[in-house]
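The first chain written gets the first letter, and so on, giving A, B, C and D; residue counts start at 1 in each chain.
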Amino acid sequence: MNEFDQLYREVILDHYKNPRGHGVMEDADADAEGMNPLCGDEVTIYVRFGEDSDTIDEVKFSGRGCAISQAATSMLTEMVQGKKASEVAVLDKDELLDEIGIPLTPIRLKCAMLGLTTLKVALHKAKGTPLPQGLAGYDDLELS
Amino acid sequence: MNEFDQLYREVILDHYKNPRGHGVMEDADADAEGMNPLCGDEVTIYVRFGEDSDTIDEVKFSGRGCAISQAATSMLTEMVQGKKASEVAVLDKDELLDEIGIPLTPIRLKCAMLGLTTLKVALHKAKGTPLPQGLAGYDDLELS
Amino acid sequence: MAIETRPKLDAHKLRADFPIFEQQIHGKPLAYLDSAVTSQKPRQVLDAMRDFYETSYGNVHRGVYTLSERATAGFEGARAKVAAFVNAPSERELIYTRSATEAINLVAYAWGLDNLGPGDVAVVSELDHHSNFVPWQYIAGRTGASFRTIPIDDNGELVLDSLDELASSGRVKVVANNLVSNALGTINPIEQLTAWAHEQGAIMVVDAAQAAPHLALDVQALDCDFLAFSSHKMCGPSGVGALWGRRELLEKMSPFNLGGQMIHKVDLDKTTWNELPYKFEAGTPAIAEAVGFGAAVDYLNEIGLDAIEQHEHELAAYAIDKMSEIDGIRIFGPPPDRRAGIVSFDIPGIHPHDAAQILDWDGIAVRAGHHCTQPLMRRLGVAATTRASFYLYTIPEEIDRLVEGLHKVKRALG
Amino acid sequence: MAIETRPKLDAHKLRADFPIFEQQIHGKPLAYLDSAVTSQKPRQVLDAMRDFYETSYGNVHRGVYTLSERATAGFEGARAKVAAFVNAPSERELIYTRSATEAINLVAYAWGLDNLGPGDVAVVSELDHHSNFVPWQYIAGRTGASFRTIPIDDNGELVLDSLDELASSGRVKVVANNLVSNALGTINPIEQLTAWAHEQGAIMVVDAAQAAPHLALDVQALDCDFLAFSSHKMCGPSGVGALWGRRELLEKMSPFNLGGQMIHKVDLDKTTWNELPYKFEAGTPAIAEAVGFGAAVDYLNEIGLDAIEQHEHELAAYAIDKMSEIDGIRIFGPPPDRRAGIVSFDIPGIHPHDAAQILDWDGIAVRAGHHCTQPLMRRLGVAATTRASFYLYTIPEEIDRLVEGLHKVKRALG
């Protein structure tokens, strides 16, 4: 398997070309905007909760980005569906990385994490819980 | 001739150990203070004019310094005696350097020039003439 | 007098001076097409620094012993070279900084804090790099001055018609602009801007970070007041740059960084400043880096800035020509004769990150991003562009490989 | 557990790492006794930089291609080493600067401009280097705060009894002091000063420029708020230094230099800042120099800071012992166990310049001057001193040569 096939493997390309949950959600229960300062890519995430006001019923996203960030965000929308907001708010980044399943250089890691970070911000904002350090961009982004 | 003998040649040591014109002059017609910022050495130069209020009758200096700066200032007091203030105010530094007669590195050049620069400042101050660029420390000090 | 034909540079031959090209990247020869962000270094420069460290290293201006004298001579000798490189009237007007960015900050702080205030206007352009945009925005903000930008047209060229409107918004006190745009390659009409700035009674600050590597500079002909540039973009080491400033201004200005070497006399209640250029060089400077900077100037002079400029125009023309064949591509910026060797472009449906990543697997290094020009990206209606930029060691074959690579990217992701 | 005996360093062996010692100066082996002003560089550090330039050079944090990734990894890997060297809780708190001087200016400007004002007091000591003296004096002046100094006794040690009087003169907002004095070698009681600063509600800024090369540093044990040091004094290249700062303070502070890399989002009316440490690193940093700084930290760690400290204490004791035999000599500073490897002295009737010059002809490099401590010189009643300073490559034979040389100086000029 060469490097191209490794990074842009079929499932990534599929999510990139046919992103799940792509679009704007009117009257979402939670939303947030995020930006990757390296390339200016912006994403907005929208969440609708279920009857219990906690279970995630639907997630959508809009904005532009590279294949990695778009595919990762698309996968994320599938991953978190039906989960509790409180679980997702502390979701370990490795769970998403496992799903993506490809080795990422530190700079591309930022692309891959854009959706997840923004989703967490949306959930904390909606629940009124304080943003953990990590989300202020502190500890969970690796230097280098 | 080795380097020591070259730099600290007899006449320099003689001027250093028996400086001419060393001492404070009460009621001088012109005076100024100078400092070598590299080592903090300070010198004060005093001038008395003759009857024509222009011929330099006597020059004295006080302050501390290394052998080069003390000897150079001592030589200077002999050199300028009997000269016109207007001549000395524009005296070329090479005239003094010829007198000193030893090769100087750029940093030691500053030591050697301390007395002359200060004397020029004293004369310009007394005559009310504007300080030339060189004396504001601009062009005549070599970089390096 | 015989007419000399301008000697062309031989990029194939020059490449041999650059050890970086001796390796393969992902099994392919390195095509380094990101020289606008930083250039690679020739052996001549690396040798000069190594030799300096091994035989002549010491602190400068501080010791009477041999090593310190040698170090001082190396450091000041390099200053003379760098000053001559921009035709400075005196090497005392040439201040070493870390980078072009720091050079601009020096002016923004040391001149700006004392000379800007409410009713004053600081002017930059939409084309400016963050390093010449944010310092003025920030210091204007701190002092109560206003901050305005000169707009650009769709070609990425300054709209000088807008200047009158800017002048009517307050007292224009400083105009700061790049001579060559790093994002688009545009060569800007600095002489005109300078004339306008001086008419307003404003100072003119030229960001020459992107110009210095690529064209002959002459601060006296430009008639500007300050000029900033970086060693690392012109074959020299990282960690050093320069500010040239007009002597009368530098002498009147407050200092910027404070510390050893920039002082004359330190008392508890008062400190006086050293003469130029030392007044602006607090602390131990980038000594070996300055020596490398001087060696880089020697290297460029040997080749000739005119030859470099011409080489880049040719490469830019060749690249624009070849790349235009790519379906749907949008190439930003002016025609090749008004640009340095920089080509920024967008291929609809292909994100610059993906393009750059896939090109890397063929050993081709291009930049993807906003190039530190977010306001410009917004003006162009894109989040980012892909940018290929050339230098004296760039050969046309690398442009062929780039075009081939872009076709491959399109097949993969289009 | 077995008790380890602290391994002593073998200076004769280490010297072989330093190419500078392979030459002769005026026909004599080089005795470099001016390490306090700047240290010499081992081959390991020079090789690391050369190798980086030849195989991995690119700009950092900006490209998705291989060279940029390698450069970023080298640059950030070095940051981790430098941060660990001072036991920083997070490498995000470690900011690259040009030098210790710039690190202190960063705090003086970015913290000081917003946090000092009339009624506030900035405190340094009579022992401080101009680089930790003038920035505070200047920013205090700009903001209307007052500026006070802690006096020293005849041994060159801080008179802590005077602190109460200082506290009564206003709100003490910042205390800035060197940990090791470059002029006298004094190791200062920083823990006590820090405790006092914190009692006053002040921040504690430690100038560790002279401490970092010579003793193990731990910002958490020191409990200070900022700590500044330079690579060039600790076997690393010139052109790079570091500021460690407490995260809460760094996050609240305004930026210092503005430009590329330190921004998050740039708009015409507003710019937001990047996360730590990038918020304080505008423009292209000293990339290869940072890599060299990291290699220097590796080199020192390999030898062990404890071993270096002990070696210096031994040399200082030996030097003081030997030099005391010189008729009339006045040696400044505390006893050897409270000082680093620095011996400053005065021989009546012999000017330091003449001493240094004559010693140079025997290949011996010592410093003559005010050592960027004019207020201290005034306190000691001298214009300048002669200073010999030692490092890990210094051998006792060089001290013997120094003493012999000083006898010669006396014969010639005394």
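In this section, a contact is a pair of C-beta atoms (placed from the backbone, for glycine too) under 8 Å apart; a residue touches a chain by one contact, two chains touch by 3 or more.
Computed from a predicted model, the values in this text were never measured in an experiment.
Connectivity without chain D: the remaining chains stay one piece (groups of touching chains, all others kept in their positions). Using the mean of the Cα atoms as each chain's centre, the chain most removed from chain C is B.
Of the two chain pairs shown, A-D and B-D, the one joined by more C-beta contacts is B-D. Computed from the mean C-alpha positions, the centre of chain A lies at a distance of 45 Å from the centre of chain D.
The distance from the centre of chain A to the centre of chain C, each centre being the mean of the chain's C-alpha atoms, comes to 37 Å. Averaging C-alpha coordinates per chain places the centre of chain A 76 Å away from that of chain B. Shared interface positions of chain B, defined as residues touching 2 or more other chains, are 38, 108. Annotation for chain C: residues touching 2 or more other chains are 26, 62-64, 68, 263, 265, 353, 357, 368-369, 374. Considering their complex, residues 2-4, 7-8, 13, 16, 38-42, 64-68, 108, 111 of chain B touch chain D.
Of all residues in chain C, only 26, 351-354, 357-358, 361, 368-370, 374, 377, 383-384, 412-413 touch chain A in the complex they form. By the touch criterion stated above, chain D contacts chain A in their complex at residues 61-64, 68-69, 72-73, 75-77, 79-80, 90-92, 263-265, 274-276. Interface of chain C with chain D (complex): residues 19-20, 22-23, 25-26, 30, 32, 34, 37-38, 40-41, 46, 50, 53-55, 57-59, 62-68, 98-102, 104-105, 108-109, 113, 129-135, 137-138, 142, 147, 149, 230, 232, 237-240, 255, 257-263, 265-268, 271, 282-289, 353, 356-357, 359-360, 364-369, 372, 374-375. Residues 35, 37-38, 105-108, 136-139, 141, 143-144 of chain B are the ones touching chain C in the complex.
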